[in-house]
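First chain A sits with chain B, and in the next complex the same chain sits with chain C.
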Partner chain A sequence: MTRIMAIDRIALAVAVLVVTLAVVGPFLAPHDPYAVDLANALHGPSAAHWFGTDVNGRDVLSRILYGAQVTLPATVIVIAAATLLGTLIGTVAALGGKAVDEVLMRLTDIGLSLPSIILALGLAAALGPGLRSAVIALALTWWPGYARLVRTLVREVKDAEYVDAARMLGVSRARLVFRHILPNALNSLYVQTTLDVSAVMLVISGLSFVGVGAQVPSAEWGAMIAAAANNLTNGWWAVAFPGLAILLTAVAFNLVGDWLRVRNDPTIREGVR
Partner chain B sequence: MGRFLLRRLVTSVVVLAGLAVVTFLMTQVLPGDPARAAAGRNATAEQVAAVRARLGLDQSLPDQFSGYLGRLLHGDLGTSVFTQRPVLADVAAMLPASVELVLAAMAINIAVAVPLGVYAAYRRGRAADVAARLITLLGAAVPVFWLGLMLQLVFAAQLRLLPLTGQLAFGQQVPRITGMISLDALLSGNWVAFGDALLHLVLPAVTLAAAFVAVVARTVRSSMITTLDSDYITLARATGASELRVVVRHGLRNALVPASTILGMQLGWMLGSTVLVEAIFGRTGIGAYAVTAVLQNDLYAVIGTVLVIGVVFVVMNVVVDLVQLWLNPRLRKAAGRERRAEIAVNA
Partner chain C sequence: MTSTLLAVRDLRASYPGPSGPVEVVHGVDLDLARGEKLALVGESGSGKSVTARAILRLDPDATLSGRVELDGADLLALPTRRMRAIRGARVGLVFQDPLAALNPVMTIGWQITQPLVIRGVPKKIARRRGVDLLARLGVRDAERRFDDYPHQFSGGMRQRVVIAIAVIAEPDLLIADEPTTALDVRVQARVLELLHELTGERDMAVLLITHDLGIVAGFADRAVVMRHGRAVETGSVEDIYHRPRHEYTKALLAAVPRIGGDPTRPLITIKEGER
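Right after this comes the complex of A and B.
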């Protein structure tokens, strides 16, 4: 058990570090991430360029530090928009009566019935390639999971005694929903959103890698890997390090999500994980 | 049970109809003139006008949608601007190679994830469990496309153990029977090509499987833990059955039921993930086709791929439900009970 706890503490530290780097990264970056320097193209890791330089002679470390400011905010926007949409639809489904519930849940089924990367690929292609399209497409495909979760959570809470009591006291419907039902129902939603950070990040960088997300010369991590893939054998560092950045960030957020889930659920905490 | 199936089928039809609406909307949000997009960048004014009339783009939106739905039902997914062939024919030609890759990845997935999950559950809380957790953690966090490139770098470029890209070595040829190269080689009795096709499958299949191993291993582990703690396992041990027999025969058989649901769902997800894998390894397939289509601005080809993968996904879900019903007698009874309850209500 103690071993696992140590992992959690490290994960939390790494997650905090990544977020901090995303904020202050540009101040730490040793070089201009967009400065082309063909004389220094494809130099391996050295004291001057810790993570080497890419095919255009740009410093890979600096680009990764700047890239955090592209990938992480895009991820947060997707999750925030999807959570908002999912909460709205899930709440209305749970409280709106049987017909409304049926319609909204079938709509949710459609969303859940496709791999989000495929749906997002189609939407992003229709909207025209670009990080903005990828973010919009992903937000539009990610909400159904939240809608279903919120619907379950709200249905659990809405018949609780304290909600009945508030209702009998003549509390308005809006106040009932926003003050009494939602705050309690959404208590455990943040666990899911944390666990989703890595999944969304992987899809965003995947879309960029494929070419429908962030475009060159953006320092988005997936786009960096795509741009460096052609020089894999003579410039592996330009592929390896952005990927490691994604991997490390995803691991950290998954561990933090796991930790939140365990903390939130006494039945797992007592037993095994 | 018949009623359960009927309801499941109705839901699937609703989902497919929804998919048609969503893809129709994709053709509508396209900035600019959809007729010009469908006709291609180099089309003349007459060609664009002809396409406009054929697609009914001069009609009202509901009329356009019913036309679209009619074409879909006739298997008309439009024409690819890039290949100048019907999208359905393109996708049908590409699908077998992707299915081959997905099946290979699924085999690796099961072979790695199930033993890993069982062992981690059996040695719960010990070093092996922590190691298994670490592996699943990395599997869930690794960018698929990056893993593919790294495997290429190490196993193909540096160690030269496996081929870098492609489906078959230069000079090898296999007659097209099923479209799955390894199977075609086997069917035509060409053992050299069969071995070669398998070697070409290893890296892409491992890459595709990596993200899915984590989920299966986790599921097997947690259901195995529940199973190993149950009374009948204690009883099996008390009868003096060997530890291996207790774990595999009594434990695993029950623990595999939840895993089988996830494995079935994963077939559909894997087909979606070919988008990230096939292009890296220079394989033809539906994923590589979709990526090319996106980059070529070939909207109908993209939408066709989305539709076909969506249909496969929906069909897979129904199959998974059927298998579940067959595997788990308790569910079968529950479906019957539900029906009896409904009859009682109706009467």
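Right after this comes the complex of A and C.
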């Protein structure tokens, strides 16, 4: 138990650190992340450049610090939009009767059948390539998973006896949904969302990597890796450190998700807090 | 036994089945006076729970007919909104399984005060009344335990919480659907005693649904015996025990195991189709 607690604390600390760095990173960055210095291109980690420099001589550490401000908000927007939309559609489908359920679930199937990369490519063609297109495309393809999950969770909870009991007390429909059904149903959703933080981050980075996400001078982590991948053999640090940033953030958010779930379930909360 | 509180006339309930609706309650009549304790007795599947749920229109997919009059107002004809105002405020319900009937992620106190809070009683006053009631029901340290969660309570304690939720709004009628089935014998006795005291204090009528004839004898004034969705016999507990008229009631009484009985004789089983 104590070891789990320690890991949770470290994870929380790392997550807080990442978010803090995203906010104050630009003030801490030792160099201008966009300043090209070809004389210093592809230098390994040193006292002047802790994480080395990339092929254009830009300081990798500074770029990672600036990049947090691109990658994290984009991820949060995707997750928030997808969670909201998914919860709304899933809940309505579960509680709205057969016809509503059928229509919404077929809509969800359509959403599930769209690969995010293809949709992003299409949107990039329509709106112009950029982080905005990537975020919209991802949000549009990410919600159906949540809708499915929430629908199943709500269906499970809505027939529970305590929901019946609450109805018996004259509790209104809205209160029944928001105070009795959803708080009990959404526990598993928290975990799914935090697990997805890493997945979304990777897909955003992947979209940037194939060129429809963040564009070249941007310090978005995936875009950095994409740009540095050509010089992997003589400049591993320009790939490894942004990669490490993605990895560390992803793992931290996963563990925080687990911790959140435990915190939100009073039956397993004792002693783990 | 003065004025009639609840009058049920020719109550029928049917549920959708694979080949058309299936009627499970075939015209039940019940009368309950203010402050009276009526037991609804019968084996599993006799329709006693369905009857109780029908009185409150708890199952949305059930088709109901007949009349259920509470103080003269026909509950079956009320619009949903008015029905909601009656549930919990004028009629309380105690559920069978005290763990399943409590919301696991909300505190005990939140759930006990809910019937008051949703009717606009200020939280502070509701809390005061909730803590007092919980203490009255024999929960020690009620003030502190008010913010605990259901899983931190034992079975008997949880049933007290469920009772507290049912009676906090001081209803005229309390429907208890096998309130002691999930509890051990000692706790059963205590819970029944509490129900008895509480209903006496507040002049509440009780409709007790049970299959346990031992409970009926100690608790109720009158009893209705149900079988196959019909009320087969109605009378005072005294009459039902000592002068049962219906064959089924006699069989039911004979089927109760007795400590003094001859252990080599098999218990009597009730023959199917006996009416």
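The working rule: the second predicted complex is superposed on the first by the 203 of 273 C-alpha atoms of A that agree within 3 Å, B and C clash if a C-alpha of one lies under 4 Å from a C-alpha of the other, contacts with A are read in each partner's own complex, and residues count from 1 in each chain.
One rule holds in what follows: a residue touches a chain if its C-beta (ideal position, glycine included) is under 8 Å from a C-beta of that chain, and two chains touch if they have at least 3 such contacts.
It should be emphasised that the depicted structure is a prediction, and the values quoted were computed from it without experimental measurement.
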{"item": "Contacts of A:Leu119 with chain B and chain C, given as first, second, both or neither", "value": "first"}
{"item": "Touched partner set for A:Arg106, first chain B, second chain C, both or neither", "value": "first"}
{"item": "Contacts of A:Val171 with chain B and chain C, given as first, second, both or neither", "value": "second"}
{"item": "First (chain B), second (chain C), both or neither touched by A:Val210", "value": "first"}
{"item": "Chain B versus chain C, judged by how many residues of chain A each one touches", "value": "B"}
{"item": "Partner chain(s) touched by A:Lys98 [first = chain B, second = chain C, both, neither]", "value": "neither"}
{"item": "Partner chain in contact with A:Ala160 - chain B first, chain C second, else both or neither", "value": "second"}
{"item": "Residue numbers on chain B that touch chain A, as the complex places them", "value": "11, 14-15, 18-19, 22-23, 26-27, 29-31, 124-125, 130, 133, 137-138, 140-147, 149-150, 152-153, 157, 225, 268-269, 271-273, 275-276, 279-280, 290-291, 293-295, 297, 299, 302-303, 305-306, 309-310, 313-314, 317"}
{"item": "In the complex with chain C, residue positions of chain A that touch it", "value": "160-162, 164-172, 175, 179-180, 183-184, 264-267"}
{"item": "Residues of chain A that touch chain B when the two form their complex", "value": "1, 3-4, 106-107, 109-110, 113-115, 117-119, 121-129, 198, 202, 205-206, 209-212, 222, 225-226, 229, 232-233, 236, 239-240, 242-243, 246-247, 250-251, 254-255, 272"}
{"item": "Chain C to chain A touching residues, read off their complex", "value": "56, 58, 84-89, 93, 95, 97, 100-106, 114-115, 118-119, 149, 151, 162, 165"}
